[in-house]
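Pasting in a structure now, in structure tokens, and then I'll have a few things to ask.
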Amino acid sequence: MIVPLDEGVRELVGDGDTVALEGFTHLIPVAAGHEIIRQGRRDLTLVRMTPDIVYDQLIGAGCAARLVFSWGGNPGVGSLHRFRDAIQHGWPRPLEIEEHSHAGMANRYVAGASGLPFAVLRGYAGTDLVGQTETIKTVECPFTGEHLAAVPALNPDVTIVHAQRADRAGNVQLWGITGIQKEAVLAAQRSLVTVEEVVDELKPVAGQVILPARVVSAVAEVPGGSRPSYAHGYYARDNSAYQDWDAVSRDRERFAEWLENEVGAQAPLPGKAG
Amino acid sequence: MIVPLDEGVRELVGDGDTVALEGFTHLIPVAAGHEIIRQGRRDLTLVRMTPDIVYDQLIGAGCAARLVFSWGGNPGVGSLHRFRDAIQHGWPRPLEIEEHSHAGMANRYVAGASGLPFAVLRGYAGTDLVGQTETIKTVECPFTGEHLAAVPALNPDVTIVHAQRADRAGNVQLWGITGIQKEAVLAAQRSLVTVEEVVDELKPVAGQVILPARVVSAVAEVPGGSRPSYAHGYYARDNSAYQDWDAVSRDRERFAEWLENEVGAQAPLPGKAG
Amino acid sequence: MTTATGYTSDEMMTVAAAHALTSEMACFVGIGLPSTAANLACRTHAPGLWMIYESGTLGTRPDTLPLSIGDGVLAETADTVVSVPEVFNYWLQPGRIDVGFLGAAQIDRYANINTTVIGDYADPKVRLPGAGGAPEIAASCREVVVIVRQNTRAFVERVDFVTSLGHGGGPGDRERLGLRGFGPTRVITDLGVLKPDPATRELTLVQLHPGVTVEDARAATGWDLAVSPELATTPEPTAEELSVLRSLTGRG
Amino acid sequence: MTTATGYTSDEMMTVAAAHALTSEMACFVGIGLPSTAANLACRTHAPGLWMIYESGTLGTRPDTLPLSIGDGVLAETADTVVSVPEVFNYWLQPGRIDVGFLGAAQIDRYANINTTVIGDYADPKVRLPGAGGAPEIAASCREVVVIVRQNTRAFVERVDFVTSLGHGGGPGDRERLGLRGFGPTRVITDLGVLKPDPATRELTLVQLHPGVTVEDARAATGWDLAVSPELATTPEPTAEELSVLRSLTGRG
């Protein structure tokens, strides 16, 4: 249940898997993302509502073949340049995208967590997302005849999240902004949770979400595992790291250096642009 | 915002309204139910997942024309005899019923709270509820073709719940088993919350649900307002009162006496059986 | 009624039901007899049993037997308490629960369950509480265990109302309806244990409690009860089981 | 750029945007310029403003301006923090929110908003972050206020991609699609304020900030900009507004 991070990633994440690393600004599983890069996983379908710099890094390192998302940016700073380079120039390899709104993605995870094939929402009407995204359809209310948007369930092969604490049995506790993490874990076949600390007993905290051990495949103790994101009650967001990423990521060579120095991974061989 | 109970009920509950008093065993708004009886409301459509003795009392007192529910019993004791008398003998007046399962009712409130006309679930398949309940239909998944159950949203005219605390601005805090209360309040046009106490500041409690003042029409301070049900952190369930209800409710005359002595309301004139 | 060997038939039934549970399982627990049996299992051979109640208490471990499905003790001792929609949508519906423990007012040859009405729905002889969580527990748990006292009022050829689907009219019915759980795998009564025949899905007597005869069981059943050629006898409750059970029910 | 009167055009824009909000409103706040304006309103004329962010923080009142949509200070100062599905399903979708405050990369004559791509979707010139919460904020809030710097790159005849629907192609389009909110009621720029014409829904210049001319506004607009016959001039920011704004943005 409690494993080292490298072992957890090795056992749970395979080439070609659909992988969701979730965290809505808060508690982003950055260390786990770097471990995926180090292990050289390829052809992943990466899923996330708000792909930010760790997804920029995974994409830049060539791990991803596909991205399912609703907002891809560097929060408070601007665009993701590795993501842009992949979309605009196919570097280091082409990246397919499947694009939704937040409301749609959130409901896709809810359907996945609920064992339903789809979710219904008021969404997308009149937007060009409908024409670009095959996973947006309509459904008719059998009572009122009204037409509503339908989106298919998301059921990742593996979801990875970061949390404040777990106990030795693998029950996980997180609080603060808890985003979509519960649904992302419940929707997945397997799950890996990195935590700030493993404790004997989970003392109740207001606003907590508990992920019972039954739905957690493995826990890895990784203090600081969400830096430069933050862990409520443990450390603050490193806003300057997000700002600094802008310059690093704009340039392929600076990115390659960063990858080698900070993650300990080789830069990807440039693939052919699609 | 903070009003006496009788004023809150008078302003928010009218004859013929659809009224949900929710509470899943815990925090049942019993005092508010008795106030509805005292004010002599008639022709109500009563909605509740688990109508228990306070609904037995409302039905016996002749307030209800219709009941929408999923389990009507005296928890841990047995059946509801006023409910039975209304169904089996139309006393004191006939009671129409619309019957669901818990999963269906819960999802109907969720749809109501979400501003959707219906909800989708895996439910009812193969049961005789489908043939007796017009508000169960099927819907086809536009992605997989699978058929699932659909139920229409519940949007009561008014929802009444009991909670531990409110602040002076009308923000409400409840904890322990919080059931379906949030959804029932969010689904309603209006809402009344009785609370154990009004406080200056809502100190955070683990497991709390907060109902922001914006979605609460009125708060009434009614200490003990959910007895003989319980209020986590305030008082325990009076199991013997539930057991005693069985004998009181089996007999129309004993019920009439109870109504006069305990609620201060006249016994209903017997209506015509349907 | 206490038998010669010092336990009642209800106690025998509860102990036998507890034996359907193991320490690794997640169990969706109905109130009443199912709750007593699950709590007994927890305190004897299945300490790891993960109990959930429809009030939203997950992984609860009450130190006293709850009278209602939403007693405070269930919340206080739970791993976590979730909302009612969440317990049905996120926990029950996706098939995360191994076994659903249900009671019944009527049960039929194919283990269909009635807790709604005796007689006609529109003009019932007896109006019962209704469905509660049972239809979806019966649909979505990997398997269902039913605990019910055996007599001809309860064991009927055809239930007056199908509140919760068992095996419908026989093989293939559940699959045709898209139900994912297997349905009732055993019915535990005060007389013995019945299981659906693997081929016909008809409830078949596979086990008798000590001192009960096949004739007793047949006489208590409203259809021509099939009996397994390998009919076994239930082991008697152990002294520990009885002692734990009685401390739970306050009949110590 | 600081004007002669001692404030920048961005400051004028932010103050003008804050004036769209009142103390009684619930406001769904986007990050960046919208967040700055909403927080300014909260600290000046609209102390009761109920701000919600898509991270699930309801009724938040941050004491410093958040850099991201999910900063810790948003959670610490909120009435309550809910999950992301809940903020969209229970709070935004049913129409509980009075005003949505959005930014834009491109906006067109009918206030349709693009934050997805410049150029062709399949082979974009510039790939932008995408939709986030904006499509449903634009659909479900009672009204929408857009805050965007006015220039011909941003103010285009037709957006390259409709990320969030404004008034579509004119009157009746939103109603036909079943959208419940009115859509954009004003667009606040660094030059002035535009509102949809009540009849045509075309964005019309109704207000100019001090020192800006109609010609400036026309030159910054990629279509033939309609100008209201009752064109007004925005009041200058007060000293208090500027002082609060600068303490928020750290440009004090």
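We just call them A, B, C and D in the order they show up, numbering each chain from 1.
We take it that a residue touches a chain if its C-beta (ideal position, glycine included) is under 8 Å from a C-beta of that chain, and two chains touch if they have at least 3 such contacts.
Small disclaimer: the values here were computed from a predicted structure and weren't measured.
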item: Labels of chains that are neighbours to chain A and to chain D; value: B
item: Chain A-chain C separation of Cα centroids, rounded to whole Å; value: 41
item: Chain centre separation in whole Å, for chain D relative to chain C (CA means); value: 58
item: Shared interface positions of chain A, touching two or more other chains; value: 115-116, 121-122, 146, 182-183, 207
item: Multi-partner residues of chain C (each touching 2 or more other chains); value: 89, 93, 140
item: Chain-chain contacts as defined at top; value: A-B, A-C, A-D, B-C, B-D
item: Chain D residues touching chain B - in the complex, by the definition given at the top; value: 26, 50, 58-59, 79-80, 89-90, 93-96, 140
item: Contact footprint of chain B on chain C as seen in their complex; value: 31-32, 54-57, 66-72, 74-75, 81, 83-85, 88-89, 92-93, 116, 121, 124-136, 139-140, 161-165, 168, 173-174, 177-180
item: Chain A-facing residues of chain B, complex; value: 115-122, 135, 137-144, 146, 148, 150, 152, 204-208
item: Residue ranges of chain B in contact with chain D within the complex; value: 113-116, 171, 182-183, 186, 210, 212, 214-215
item: Chain A to chain D touching residues, read off their complex; value: 24-26, 49-50, 69-73, 75-76, 79-80, 83-84, 87-88, 99-103, 106-107, 109-110, 121-129, 132, 146-147, 176-180, 182-183, 207, 209, 230, 232, 236-237, 239, 242
